[in-house]
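Shared chain: chain A. Partners: chain B in the first complex, chain C in the second.
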Partner chain A sequence: MSLLEVENLTIEFETLRGLIQPVTGITFRLEEGETLGVVGESGCGKSLTSLAIMGLLPDTARVTADKLKFKGIDLLNASDGALRKLRGGHMAMIFQDPMTSLNPSFTVQFQLDEVLRVHGKGDKEARHKRSLELLSLVGIPDPISRMNSYPHELSGGMSQRVMIAIAMACDPELLIADEPTTALDVTIQAQILALLQELQRKKNMGLMLITHDIGVVAEMADKIQVMYAGQIVETGKSESVIQDPTHPYTLGLLASLPGAQANVAHRSRLKSIPGLVPDLTSRPKGCQFGPRCEKVEPECKLKVPALIPVRDRETRCIRPVGGAR
Partner chain B sequence: MAKYLLKRFSVLIPTFVGVSIIAFGLIRLVPGDPVLVLLGERGADPVVYAKMQKNLGLDQPILVQYFKFVGQALQGDLGISTVSKSSVLSEFFNRFPATLELGLAGLLWAILLGVPFGIIAAVKRNSAFDYVVMGGALIGYSMPIFWWGLILIIYFSVGLGWTPVSGRIDVMFDIPPMTGFLLIDSLFSEDGFAAFWSALKHLILPAICLGTIPLAVIARMTRSSMLEVLGEDYIRTAKAKGLTRFEVVAVHALRNALIPVVTVIGLMLGTIVTGAILTETIFSWPGIGKWLVNSVTSRDYPVIQGGIMIIAAMIVMINMGVDVVYAIVDPKIRGKS
Partner chain C sequence: MSKPLPPLKEFWYFFRQNRGAVIGLWVIGLFLLIAIFAPFLAPYTESQMFPDALKLPPVWSGGTADFIAGTDDVGRDLLSRLIYGARISLGIGFMVVLFSMSIGASIGLIAGYAGGFIDGAIMRGVDILMALPSILLAIVVVSILGPNLFNAIVAVSIVAIPGFVRLVRASVRSEKSKQYVIASKSYGASHFRVLVKNILPNCMAPLIVQGALGFSDGILNAAALGFLGLGAQPPTAEWGTMLADARPFIESSPWLVTLPGLCILIVVLGFNLLGDGLRDAFDPRLKK
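Let's look at the complex of A and B:
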């Protein structure tokens, strides 16, 4: 039994301009102690996927799936009470902007204690001790005085550490980190990522790391899943995907990374993928990436390509690239 | 902080100069002569008239009268009512508890109903409840108070006979004044609970009438503030912690959503005094509002001037109090001063 099993997950919203499907037919698995990197541009459905797993989508969203299971528990049909027990207790999530993700009206102590209290982790004294322990665990200096701080008294990096402490409070088996470093300075980014990696190893958690920065996942993830317009376009082992991408979109993402040495030396322009992500109300025919693909052929426009096994992974392209290396 | 307070206080001086000119000038622009009102409709002997005019100080040039009024007011003397011959200040404070009791009762029901209604309307956005409450709030806000008061009287007092038509308490009760609040004083009187019950029954309709507009404002304000807060990231965090929907709303959302609502309630304390003028007149409530209306009819210049000055001072003080409390609560405002 996998920690997390997702099969054919689709999310729909009814909008004024008609029904949209920002996420269509997502399938993946996550094992204990494994790190899955989910990569894609803004609006590719990576955050929605994670919110669907946590059950945090607004009521207006329609979520369907052949399977959406956490440790064998069917998340789509579980009772509200059962889901609440899982949320914060067994699966936790940290968000993009730590500064707005903490409640400005409550102290760090309150917000940390609350999650322990809700999940019945000991009496007041035990929880206080545990809170201090957690703050030290995430590397907050002087935890005792920080306990009484309000969020506006913390820096972005500190806030994200507090968020991580809240997420780690009940030793969850699954941690979803939705762009945990996007709002932070580059130097702090590295620290937070290192912290996440360290905690993941220590606790043997499943970690779902969502990011638009393929460079970040290259270092941390065991598996990578590249998403485009609500679909998985390529998924496989992290090294193989990064070193030898099969989908033109993955190739484009990698090419748009500023290779530090190369660019300074040659002063070359950064590469970018031309065009924009498709409008969800009028999706292109056939391959979703077709309109932006350099290697597009008439055949690509006939129907949406299936996810097919290529070399040691799966890709959604009828003319997979690379393979020579 | 001291600089901030000083800045706020310095704005008060021009405000009060303006208010005093309006309070003094407005009533003198209205036709009618206080001397004639006092002497009776049949007119009077010119000698008696001149003597009375001199007694009231109305024979002097208008500027002299104004500066005399301001000079005395600065010393805490608002003059003597031409009708009752007692000091305006003491008359005001005799009647003020009645207005305050009515105002607080009106505000209380506005808060007790408005805040929960606003919260539920926000949480159940676009539901039938939301539409009914917000539609009702719009109607409540746009309804003229005098008309609403009369409708209440016709339906509940005259039609159903549930409550008395007017006054503060049945004439059979004689309550010695202690606090001035009849709900409290009645409990300590000989008649005890019977008197309290009578006072409460008299209070209900005027309080509902006076509280209707604040209720509408509070409900709408709570709803919009709540809706804004419910979309915040920290609400998602609270849900992700595994809190119940009730905890998310009652603990995490409410605390933040109530900040602007509390401000509005504070400012409303001022409008409730002005709203009381209409309500008190309709329900014959013996408070400041009715006192002022009566003094206009009898052209009692000192009462009108003095009364307006005191009410203006109270409203200005309340507004400033709200500002100061806000500066204490919100470090961002404090920082800017």
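Let's look at the complex of A and C:
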């Protein structure tokens, strides 16, 4: 039994301009102690997917799936109470902007204590001890005095460490990190990622790392799943996806990394993928990436290509980069 | 960057900048002390009558030192009645704010958080309440319940509820989509906990301001009801009721209407100044 099984997950919203499907038919698995990197541009459904797993989407969202199971528990049909126990207890999430993820009205101590209290972890003293332990676990210097800080007194990196401490409070088996380093500056980014990796190894958690920076997942993830316009366009082992991408979109993402072509030409412009993610109310016909693809062919516009096995992974392209074998 | 001030100290720093607000605070503090120590401050009790001293003018316009603010038409000492009246008026203000704030905020929390049909139903009800002129609505409520002080408080509270509902609903709606609310759900907080422990404290600033302003509205509306004979009943020394009792003598003994009216004016002004000061101190946009 996998830690997380997602099969054919679809998220729909009823809007004034009609029904939109920001996420269509996502299927993946995550095993214990495994790191899955989810990569893609803004607006391609990464965050929605993670919120759907946590059951945190607003009521206006319609979530359907053939299977959405966490440790064998059906998340779509679980009761509210059961879901609340899972959240924070067995699966936790950290968010993009740490500065707004903490409640501005309360101290760090109160917010750490609250998670532990919600999940009934010990009496006041035990919880206090555990809170201190968690703060040192995430590498916050001088945890005793930090306990009484308000969020506005913390830096971004510090806030994210506190968020991670809150997420780790009950030793979850699954941690979803939704762009955990996007709002932080580069030196802190590396520290936070290293911390996540260390915690993941220590506790043998499943980690779902969502990012738009393919360079970040390259180092950390076991598997990579590239998403575009609500679909998975390429998924496979991390090294092979990075070193030998089969989907033109993955290729584009890799090429747009600074330094990606350092050995080719030094002063060349940074590459970018032309165009924008398609408008969800008027999706293009056929391959969703077609309008932005350099190698688009008439056949691409006939129908949405299926996810087909190419070499050691799956890709959603009828003319995979580097040939079909 | 210097170390940020503790929240209370920071608040006081900004509050102090507004001179009017500080004056308001002093005025209210003074009336509060008068109300608390009324039995020690008042020369007589509120209903003690002196049959040989009817409608005596205050000491500054030819009265005697025995009755500093003069006496009314049945010979009761006006100063004592005003002092005891502070108790009743501040009490009314407090009760009205307590009732209307707790009920209004709860309804507003539910409406803002639930959204959809529940929100629509509640807010349309509130709209209906707001469409009626407030004093008219209060009169209707009192005439149904019967005229006495407690019913007047209930009526005035009902009139004040819509303001709190709208205010809290608006804040909840803006807070509930914030990241920290989603985050607290992500670690398993129940709806009740999210609403009361996470959202409500972040809506407190406007609520406190509205509370201070509601104090003055409450006192004013209750005095109006008293003036119309629907609030506190004589011989209760309520300022509005005292105004009503003194109306026939407005020309012969003007101090009988002037002094209670002045008390209402000063207290209401004090609360309004305080409320404005609180609003400025809580508003981050006005901070430098």
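Of note:
As a convention for this text, the second predicted complex is superposed on the first by the 317 of 325 C-alpha atoms of A that agree within 3 Å, B and C clash if a C-alpha of one lies under 4 Å from a C-alpha of the other, contacts with A are read in each partner's own complex, and residues count from 1 in each chain.
The criterion applied here is as follows: contacts are C-beta pairs under 8 Å (C-beta built on N, C-alpha and C of every residue); 3 or more make two chains touch, one makes a residue touch a chain.
Small disclaimer: the values here were computed from a predicted structure and weren't measured.
Three-chain overlay on chain A, with chain B and chain C in a clash. By the document's definition of touching, both partners, chain B and chain C, reach A:Asn103. Touch counts on chain A: comparing chain C and chain B, the chain ahead is C.
In the superposition on chain A, contact is made by A:Leu56 with both chain B and chain C.
By the touch criterion defined above, A:Cys293 reaches neither chain B nor chain C. Within the superposed three-chain model, A:Gly89 lies in touch with chain B and with chain C [touch as defined at top].
The superposed model places chain C right into chain B at 80-88; the other stretches listed in 26-34, 62-70, 80-88 or 188-196 stay free of clashes. Residues 54, 56, 84-89, 92-93, 95, 97, 100-106, 114-115, 118-119, 152, 163, 166 of chain A contact both chain B in one complex and chain C in the other.
Note for the complex: chain B touches chain A at residues 232-234, 236-244, 247, 252, 255-256, 331.
Chain C meets chain A in the complex at residues 4, 7, 115-116, 178-180, 182-190, 193, 197-198, 201-202, 204.
Looking at the complex, you find that chain A touches chain C at residues 51, 54, 56, 59, 84-89, 92-93, 95-97, 100-106, 114-115, 118-119, 150, 152-153, 163, 166-167, 169. In the complex of the two chains, the chain A residues touching chain B come out as 54, 56, 84-89, 92-93, 95, 97, 100-106, 114-115, 118-119, 152, 163, 166.
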